[in-house]
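Take a look at these structures.
Same chain, two partners: chain A is paired with chain B first, then with chain C.
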Partner chain A sequence: MAATPSNAQAISVSPPGSAAAPDAAPSRISWQARLRRWRRTRAAGLVGVAALAAIVLLAIVGPLLIPFDPIKPNPSVITQPPSATHWMGTDQYGRDIFARVAAAGRLDLTVAISVTALALTIGSLIGGVAGYMGGIVDDVAMRFIDVLLAFPAFILALGITAMLGNEARNVVIAVAIAYMPYFVRIVRGEMLSLREAEYAAAAKCVGNPRPRIMGYHLLPNALPPAFVQATLTLGWGILDVAGLSFLGVGIKPPTAEWGVIIGDGAQYINSGQWWISVFPGLAILITVLGFNLAGDWVRESVLRR
Partner chain B sequence: MTDYPAANAPLLDVTNLQHTFQTGAGRVFAVNGVSFRIDAGEAVGLVGESGSGKSTVAKCLVRLLEPSGGSMRFRGADITHMNERSFRPLRSQIQMVFQDPTMSLNPRLTVRQTLSEPLRLHKTATNGNLEARLHDLMGLVNLDRRLLGRQPHQLSGGQKQRVGIARAIATNPAFVVLDEPTASLDMSIRIQIISLLRRLQDELGMTYLFISHDLSTVRHLCNRVIVMYLGQVVEEGPVEEIFTNPKHPYTQALLSAVPIPDPARRGQRRRIVLPGETPHLTAPIVGCPLADRCPYVMPACRQGTIPFFDIEPGGHRAACLLYAEDRDAVAIDGSAESARVSRSEASGRTGSD
Partner chain C sequence: MTLRRYVLRRLALTAVTLVGVILAVFAMTRILPGDPVAVKAGTYATDEVRASIRKELGLDKPVPVQLATYVGNVLKGDFGRSTRSGHPVRDDLFNRLPATVELALAALLVGALVGGPLGIWAALRRGGRLDAAVQQVAILSAAMPLFWFGLVLIFFFYHLWGIAPPPVGRLATNIAPPTHLTGLYTVDALLTANWSALRSALGHLALPTLALGVAVMASFIKMARSAMIGVLDSDYILAAKSLGLSDREIVWQDALKNALVSLLTVVGIVLGYLLAGNVLIETIFAWPGIGYYAWNALTGSDYDAIQGFVLLVAIVYVFLNLAIDLAYTVIDPRIRLG
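Right after this comes the complex of A and B.
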């Protein structure tokens, strides 16, 4: 995670006279402090967005720039170092690393987005219902989530893929299940406080049925913190998918996937053929860092409201 | 209690209403046997300090809270423990305006979305005339219809409360509970909102229960006042009667705390300060809720339930033994010398002991 500014929690109490605007939202942090803090995270956030833009560009445009197939072996150019022809070198089967890293970018970004969308949707629904209903529904849902949280996300994903079989779809499901509990907890927590909100009472007075109060009035207001979590999950999701693939239980070779490519090159690093693993590794680094920096920025923007 | 025939039943009849909260520290007896009737067309003020249970009464009336005892009848129909599904159609008739519009408006919804909800849910307007009805509503509460597209954070406090009022009157309710609708507003806006509420009542023929601790706005808006203290009604009557001739010692103290705008007249009134603090309602109160703080307390005040005594024929009555018919039967605690003087002033009678 990116470092948060050390004085981020600096609280300045606004002078009593400044509450002139009767409808000003109650806030303990002065807007100047918030602005400073936002500007600082914004600088880092822009770096993150730039990093992500570079990766997306690589994934979309990269394969069009070169004539090499990411899957088909070419025995005549085995393990060649980076050159003008092969910008990132070739692997032990003579496949162009740049072609593979770019193609893997498409897969990894798609998988990360699918994982996050799935975890966000299911987690928010479970968390929303549990937090709003409370009682036995909440108890059952939360004990189930506690069981999931008892395992480290990666180990859980490993177990689920091993169980379901390692296809791309199952990897997405497994990693999504592993990250869903965080969304459940966040949305449930928001819901617990929102259901006591006066506008929930007002919605009831107007004649809204309970499901509509939950789904239409409260859930959308409970989601912003979940969106912040989603930006972090995008990064972690990529790490986990690549990690699973590296271990051989994620995406199967010869599919171009960053973890798979790192796995291909792992045994060659000692003998000096560093490029096979280093370039996909850099791609993962830049992507995860990008998601984290951009995520911090999103969080600041959400909290600023 | 008498069963009123539905035809000439009062709009709202509350009998011995009770509500207790279960908290970590034990049970809190917020409302203890509150009874009152409201007839169609009235504007009734419900006053009392914070913690007197007036908001709890309001929340019971709109069924945001389940009463623990007593009964509430709306147009003769018992709504005390009606389930939400059966009560929902009645919600179009019983509406509420909340204290703080910033809290009671959904921050994500536009004014249009907020106001469309009651119209759609109760089928007051069809898709064809929805927009026209929205414009009507905005006109009724003196808001520019261009504000329909705004979200609450783009509105001022007064505008937000006008939206809150528009939401409450959208379905042409017969009865509106106003839970301190001006407490969070500036003084100048407060007056506008009160005038608006008065005008709306005249035009739409609604009945109000106006909850407030701001007595001057009550005097301006209401024609009858109910005074609550510690979850019980201590006095009720026509507004001018209560303000000019308060009888219950609590009402007298409450009224003496109303600020007087004219500095020259400030010295003329005795400020009555009751000793002690408002106690916590962790046990049911026996006798008069004010007994521990009242300057005129008598031994009989701490026993049983204090009945209401009629003061004037116009419905002015007070739950205070000072006004018992047979006054010699209740011994008066003679320890409070000053109390005796002001009692004779206050009650307009000469001391009988």
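Right after this comes the complex of A and C.
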């Protein structure tokens, strides 16, 4: 975590729910200072990258290591504890937990990336247009975002999936809608200060049309903070999708998804069959930890303030 | 901007947001590509069944009429009727609200009382081993799936060690709820000196509170630490030091007061998180609050109940944010004048 410049914390407290005031002149730090921050967060960042690598490896190679199907029940090996054959044990249908956790890794990583890509794209577009156009467009967009932010993200996603019906596609849309407002706010704030930049005026003077100034000259410069936010959203996306699936409104069983598997094992925790729920939970923990640590590293080395 | 104008503007924005929230909840059912009729009727319903469900839900009328009906009902406090319980959704939710409030407040208290001091302590020992350890705890708890952590707690405290009561409900089955005063069982039991109910209520409250408390602790650690560091680095603390005040005096008299503003921010974020997290934790512990009610509604396709829950949470959340914004103006004069 960066040492906060004196009092920045107290002054930057802007009322949540109202539009955040953009920094008129953000103080930019030197590349030497950025290099120092990059070095300081490197150790934790590398741990994060290693955690992600392990999960990706599990998702890609894992299913090839074992002869078990992640979906097909096998009544002869019901709820067995971890053993040499079933590395993470089996569930109440005799399915191999390792096979399910690995297969779920493919799905959860895909879902997290889809959620983030969707939220980032739509959010940046809305935020970019609102910030550049200003006026009534900005007002309308911001009131719309206020409404979305009036719901806790998870509850909004829950409400939307409950109504759309639980298919993987709908879950992705719902969680993306829930996290989009953060991207809108970030990109809009950047845009508000960028549009006053001299090169924006220069681009206008030589006769560039407004959409081109916005999309080609300004938007790319407004995006780095949004990418940093994206690293956080990857982690939150996994937590929320798993939470929704655990409640039965996300990805449907018998599909292998980490939240679904934890849900399968929930009723067996009381009687001591811990392995069904514990392993997929650890997978989530490692993945989200990986995204967060790697994301911190990116933030500390990329952001110029 | 004068204080009066700021407050008025904030109130007006809140009203706009509330109208938007009602519209959004309406839109969730009618405008998004999902079809409540198909969901409600199931895969094998005949066209007649679909038509009658459509009529029953009022979906045969034009959308503006549906919207007007819905907004009118909500403003009257009518959230529809639960198909599961047969009661009005509003009554169901209000009967269950105290259980949720009790759990949320307990978790907030635990998170703040443990996380706040930990963050401040870490800030005072910045760069040291303790600071690193505290930050690692925060990072870990932020990455943990809440519902999974709840299950792990049940495994250890209930199954393995047998310390905690069975993870079902707010009281042991052989104990009657204490006299209703606030609806918070622990508080009611305390006020009526009902010690057996108090012990049972605390026992049942412990694990879900621990699960939620650890989850929100991370926010308190991060916020307290960075606020404290910000304050400690500031010029007026330097001035206080140069005047010869001791570290202890500086921390207690100057720094803490200024860090409080940030605390308010984190309370807002955390309460939003608790409203959401409650669904997962209440489900695991069969805690009879609005979150557990929502889960039952979800599994039973009880749409009015789900809508009512989402709407109630959003309304509570909007008013929480309003209260916090207004509290800023009292605590921090810079915002009042800014």
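Keep in mind that, in the parts below, the second predicted complex is superposed on the first by the 267 of 305 C-alpha atoms of A that agree within 3 Å, B and C clash if a C-alpha of one lies under 4 Å from a C-alpha of the other, contacts with A are read in each partner's own complex, and residues count from 1 in each chain.
The rule is simple: a residue touches a chain if its C-beta (ideal position, glycine included) is under 8 Å from a C-beta of that chain, and two chains touch if they have at least 3 such contacts.
As the structure is a prediction and not an experimental result, all values here were calculated from the model.
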{"item": "Touched partner set for A:Asn221, first chain B, second chain C, both or neither", "value": "first"}
{"item": "Partner chain(s) touched by A:Trp38 [first = chain B, second = chain C, both, neither]", "value": "neither"}
{"item": "Which of chain B and chain C A:Tyr199 touches, first, second, both or neither", "value": "first"}
{"item": "Dominant toucher of chain A (residue count), chain B or chain C", "value": "C"}
{"item": "Which of chain B and chain C A:Gly207 touches, first, second, both or neither", "value": "first"}
{"item": "Contact residues common to both interfaces of chain A (with chain B and with chain C)", "value": "none"}
{"item": "Chain A partner contacts - residues on chain B that touch it in the complex", "value": "59, 62, 64, 84, 88, 91-92, 95-96, 98-100, 102-109, 117-118, 121-122, 153, 155-158, 160, 164, 167, 184-186, 189"}
{"item": "Of all residues in chain A, those that touch chain B in their complex", "value": "22-23, 25, 197-199, 201-210, 217, 220-221"}
{"item": "Contact set on chain A toward chain C in their complex", "value": "1, 3-11, 13, 15-18, 44, 143-144, 146-148, 150-156, 158-160, 162-165, 170, 235, 239, 242-243, 246-249, 259, 262, 265-266, 269-272, 274, 277-278, 280-281, 284-285, 288-289, 292-293"}
{"item": "Complex contact set, residues of chain C against chain A", "value": "10, 13-14, 16-18, 20-21, 23-25, 28-29, 32-34, 36, 38-39, 135, 139-140, 142-149, 151-152, 154-155, 158-160, 166-167, 222, 225-227, 229-231, 233-235, 258, 261-262, 265, 268, 272-273, 275-277, 279-280, 283-284, 294-295, 298-299, 303, 306-307, 310, 313-314, 317-318, 321-322, 324-325, 328, 332, 334-335"}
